[in-house]
Structures are given as C-alpha cells and as structure tokens.
Amino acid sequence: MSFLQPGPLMGSMAYERAKPWAISQWLNTPNALTVQSLRGYVVVLHVFQMLCPGCVSHGIPQAKAIHAAFPPDKVKVIGLHSVFEHHDAMTPVALKAFAHEYRLSFPIGIDQPDPKNAIPVTMRDYGLEGTPTLILIDKSGYIRLQHFGQIDDLRVGAVLGQLLTEPMPE
Amino acid sequence: MSFLQPGPLMGSMAYERAKPWAISQWLNTPNALTVQSLRGYVVVLHVFQMLCPGCVSHGIPQAKAIHAAFPPDKVKVIGLHSVFEHHDAMTPVALKAFAHEYRLSFPIGIDQPDPKNAIPVTMRDYGLEGTPTLILIDKSGYIRLQHFGQIDDLRVGAVLGQLLTEPMPE
Amino acid sequence: MSFLQPGPLMGSMAYERAKPWAISQWLNTPNALTVQSLRGYVVVLHVFQMLCPGCVSHGIPQAKAIHAAFPPDKVKVIGLHSVFEHHDAMTPVALKAFAHEYRLSFPIGIDQPDPKNAIPVTMRDYGLEGTPTLILIDKSGYIRLQHFGQIDDLRVGAVLGQLLTEPMPE
Amino acid sequence: MSFLQPGPLMGSMAYERAKPWAISQWLNTPNALTVQSLRGYVVVLHVFQMLCPGCVSHGIPQAKAIHAAFPPDKVKVIGLHSVFEHHDAMTPVALKAFAHEYRLSFPIGIDQPDPKNAIPVTMRDYGLEGTPTLILIDKSGYIRLQHFGQIDDLRVGAVLGQLLTEPMPE
C-alpha cells in the first residue's frame, strides 16, 4: 500500500512522472485528454481489454464504482483500452458496442496500436504486464499506484483519500 | 417451475418439439450437432451473446457449471450464439476469442444470420425474447423449459434431475 | 452425485432408512414432526448450528431458497439444530432470537442433548461429521443424499428433481 | 462522503469529539481501551450485534478487512457489541463463542447494559440508530464518519486514507 508514503510535495521520495498517452481514438469525450490537461485532478487510469474476464468481473465494476463515488471535479476516471491479443476481435467498433452494453460513461482512450508489435504504444511506454491494471496519478502528474490484477476497494479508496488531501500544483 | 409436470411419456400434457437449429458455423466440435442427433441426451441449450452483460455474469457461468456437474454421456451442454444487435462487433472471429478467454469448452453453434432481419434464424424460429435464454430439451426432443433472463440453479437442477429419470426414447 | 442411482423402488441398490429424530423442542410448528409422519414427502433436513459461519453463509440461505422454490405439499424443509460445541451460547432462547432475525419460517427441531456427551442424540445416531450437513430423504423414508459442508444448488436441485418424480409409497 | 471536508486542524468546520465508551467487559485485549488512550491512532469503531444479519454479512467482514489491510500501528479496529434486543441470547459467553467461530481477533468491548433501558449506555450516548454502525475517529479524537447500515469499501477507504495523512496531535 502506498498511502503512507510521502507525496512529491512532502519530502524525499521520488515518484515517476506519468508519461504521455498515445491514443488513436477517444470514446465518451469530445476532446482528447492528456496527462498535462488533467493536472490538478486525481486521475484513475483503468487499463483493460474488453474480452479480458478479470477486467469484466473486477476491474470495470471497480472503475464504475470509483466514477460513481467520487466527485467528478476532483477525480477523473479514464479507461485505456490496451489491446495486446485478439486484435481482430477487439476493434474500435466492438469496443463501442461493449461500452454501450456495459454502460461505461467515463472517457475511454484506445491505446495506439504499434504496427510492428502486439503491444500497443502506451502499454509499452508504461511497462504494463497485462490487464486489468489500475494506475493512480496525483494532481501533479506523478504515478502513485500502479497495480496489475485485482486490488481491493479499501486499498484503492485509501490511496484516493490520501491523494485528494494533497495541495494543488502551482 | 416445470419439474412437477408430466413428461410426454407420462400422460396428458403436450410439449412442443424442439425445432431444428440453423447454424452457420460450429466451435468446439468437429461435427455439426442437430436436435435429432442428440436424441437420448438431455440437452441444455444456452442462448447467449458475447457482449450481453447478463450472459457473462450469469448465463455463461451457469452453463459452465452444468457442464462440469453432470455426466457428459447423459447431459449435453450446447451454446447458441444468437446475435441480434451489434452484428459488426460480435463476429465469428470475436466469438472465438471470447470462447478462448472465457474457457468455454462445450460446443457452440453460431445462429444463422438472416440477411433481411437483425434476428437470426433459430432465434426467430424458437420465438426467443432475448439473451440469455436457457432451453432444456428432453431425451425425446421436447422442450421442457424455456426461460429468458436469470434463473436460479435450484430450479434448473430440479428440471434436469427430473429429465434424467425419464426413460430413453424407443 | 446420487441423481443417477436407482431408487428403492427401482431396483437393486440398498438405501439406508432414515432413523428417528430425537428432538427436545420444536420451533415454527405446533406439532412434533417425525420421519414416519413425513412419509410421502421429499424431506430436506438441514443440520446446522446458529454460530457456525458456514451454516450462516451457505447452508441456511440454501435451505431458505429450497423452502421458497419447491411446493410445500411436495417438499418439506426442516432444520435440525445439532449443538455439539459452545452449548452455553447456543441455547433454545438464543436459537429463537436467531430464527427471528434470520427469518427462518420452516420447522426447526432442537437435537436432544446427551448429558454424557457433547454430541447430541440425533447427530450421533446419524453419524454426522459436523455442520452444515444436508440430508435428503425420499418419500419412502430412505436417505438419498447426506452431505457435510458446502454443496452447490445444481446438485441439490438435481436430486430433488429426481426424488419428486418417484412414486408415492403404498 | 466526508473525505473532502477539512479536519479539525485544517480550518473552520467543527467536528464532534468522540465521547467516552462505557464498557462492561473487554475481549481480545488485556487492557481496557479508551478514546483518550487511542489518541494518535485512527480508530475504526465497528458497532454490531452478534445476531444481526447485516452485521454478519457486511459489517464484520468489512471490519476484518480493514484490520487486515491497514498497519496496526496507525489504525486501530475495535468492535463494540451494543446489545439492544434479544439480551438473553447475546450474552458475554455467547459473544465469546461468536468471536471464536468468526475469527475476530481485534479488541471487542461489550457496551455497558443499562438496567433501566434496552439500549446500552454507549449506544445511547452516541445516539446510534442501530447495527451495524461504523464510526471513524481521527487522531485527535474527533468523529469524522458515523454511518448506520451498509457502506462500501471505497468510501471507507477514502476517509481512512485522508485521516492517515493528518498530522499527529500535539
């Protein structure tokens, strides 16, 4: 758990800056979103694949619950669809049908495919191991939690509660 | 619940014969399956769509549990993928990826698309209301239960227990 | 699973007769119930202890679901409170409060304590290993299923479905 | 949700001080615990009754999960057994059996019975509506969350995360 660790404004520990996202297409938002444009928000980045059973049973319900529980002017929930297998099944049109059926209303970015590699660009840049992965980014753009697999709501809530208390970046 | 109703061999009630299935493609079986070829088995027909949340959360786990709990020489579990919406998302290649990810090992037939209608042929012939639908067919080829939506395991088990006690057709 | 086994009226296999129950007190019924008086019914005997976590999380909800799903003129659900530990906590007055709070409306018999033994009389006579235990007794008074621990609804339903199809005893 | 509200050290809002607890007996701790003695800890007070179904299905598992997830030198989880009904069933000896069976290892105080009233003393002093109730007390002894009924882990986690970031009282 990271909720007891000092933040970038509190002391000595060095967090990693969230790298830019490479997105080929956005759903549920008129404008492209960037790490930079979300400065000042606590960002919940939920990395998933629509045909990943663990995402459907755990990760997506958790992302929806966070989206419902926290004030949208403080916490931004964003889906990142990082397809690294079954590329011909998990197409943008299929993702749109999936988002409709599963009532996903938060913005979803499609991770930029890499023509030379099964792993899409953002997934590679972030060094992700698979899906679901939950990434929490603080108001200043630092990664404060990055978790592959299932993680319980108490722990996620605790980190969000901590990040919300931190001051706004200058 | 139908488990107290007399079967076709027990008396007065008239059951409907299961109509033939129109299948464009089979997964998980080298041979096409027909109602006729399954005479003598109790057949569990699980009608689903891969992007239907109720199918994923309830119907498919139930079909897998039936497949695991009952002897395969007595009970045949068969999936019927009846796509009536999002046709460009729920393609055969997408279904194959889905079946792989969700570890579906029972035979799955793709309901024959109707070029003039969103509803595929078998779904129309059976008069189905949507997905998930569970259909139980007795050893003689009669429909003994047809249920749209969620149905609990106790009730499904009770009908299967009854159907298994019935004599083989001559 | 026992649902494929022949019943006492069908052939060769010998089932054990359900032994009489030794009950010190009944709840939720004006009259004492006996194995003999329930001849002609399929009987679901749910053996539990009110402070047994597995009973509370699994066995009792299952007994309530059976009670709700099956017709009361065919299937009788009966609780048997077999206290073999914490005797000073699981008293009759405590059981009454428990039955009230958990909305148990089926008859519950308190297994006769044995002054010389922690194990009560019926539990000893049936050779039970612990709680929860589910016992299914057919219309003729034979034990057809006896299961200690968790058992899934599909299997329980299948046995009940089979037992319901059997003829009434003469 | 209270996680966005200023704490007592941050500004204008007035929180209520946690009143003293009236405890007739402690379990799982050699020493009596008091609000005063827990100064400097974030305190999770889980108010329950052993025969309350909502406590058993939701409140107690949540208290156990908090106890497992947070460091014991920062967060103290404490049970308060506030019996306001079925007094002859939920006795101290019954509570001990319950705590043993449900593997409750955090300290539990038995709310002091009031000979003139069904409601015990601490429950009355805190104005509680029933069980389960979750009360979160900050390091300085102020009540920051008091919730009757079910509350989800995300919200509880968020408040705990916030409270943990607050400075120690002087």
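Note that the chains take the letters A, B, C and D in the order they are written out, and that residue 1 is the start of every chain.
Assume contacts are C-beta pairs under 8 Å (C-beta built on N, C-alpha and C of every residue); 3 or more make two chains touch, one makes a residue touch a chain.
Since the structure is predicted, the reported quantities are computational estimates derived from the model, not experimental observations.
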- Could you pull out the chain whose C-alpha mean position is farthest off from that of chain C? A
- Working from the CA atoms, figure out how many degrees chain B turns to land on chain C, in steps of 5. 180
- Query: Where the centres are mean C-alpha positions, what is the separation of chain B from chain C, in Å?
  - Reply: 34
- How far is the middle of chain A from the middle of chain C, if each middle is the mean of its Cα atoms, in Å? 50
- Task: Would you kindly tell me how far, in whole Å, the mean C-alpha position of chain D lies from that of chain C?
- Result: 38
- Message: Where in chain B do residues touch at least two different other chains?
- Response: none
- Query: Tell me, which parts of chain C touch chain B in their complex?
  - Reply: 1, 3-4, 65-66, 69-71, 74, 152-166
- Item | Of chain A, residues touching chain B in the complex | 51-53, 56-57, 85-86, 88-91, 93-94, 96-98, 100-102
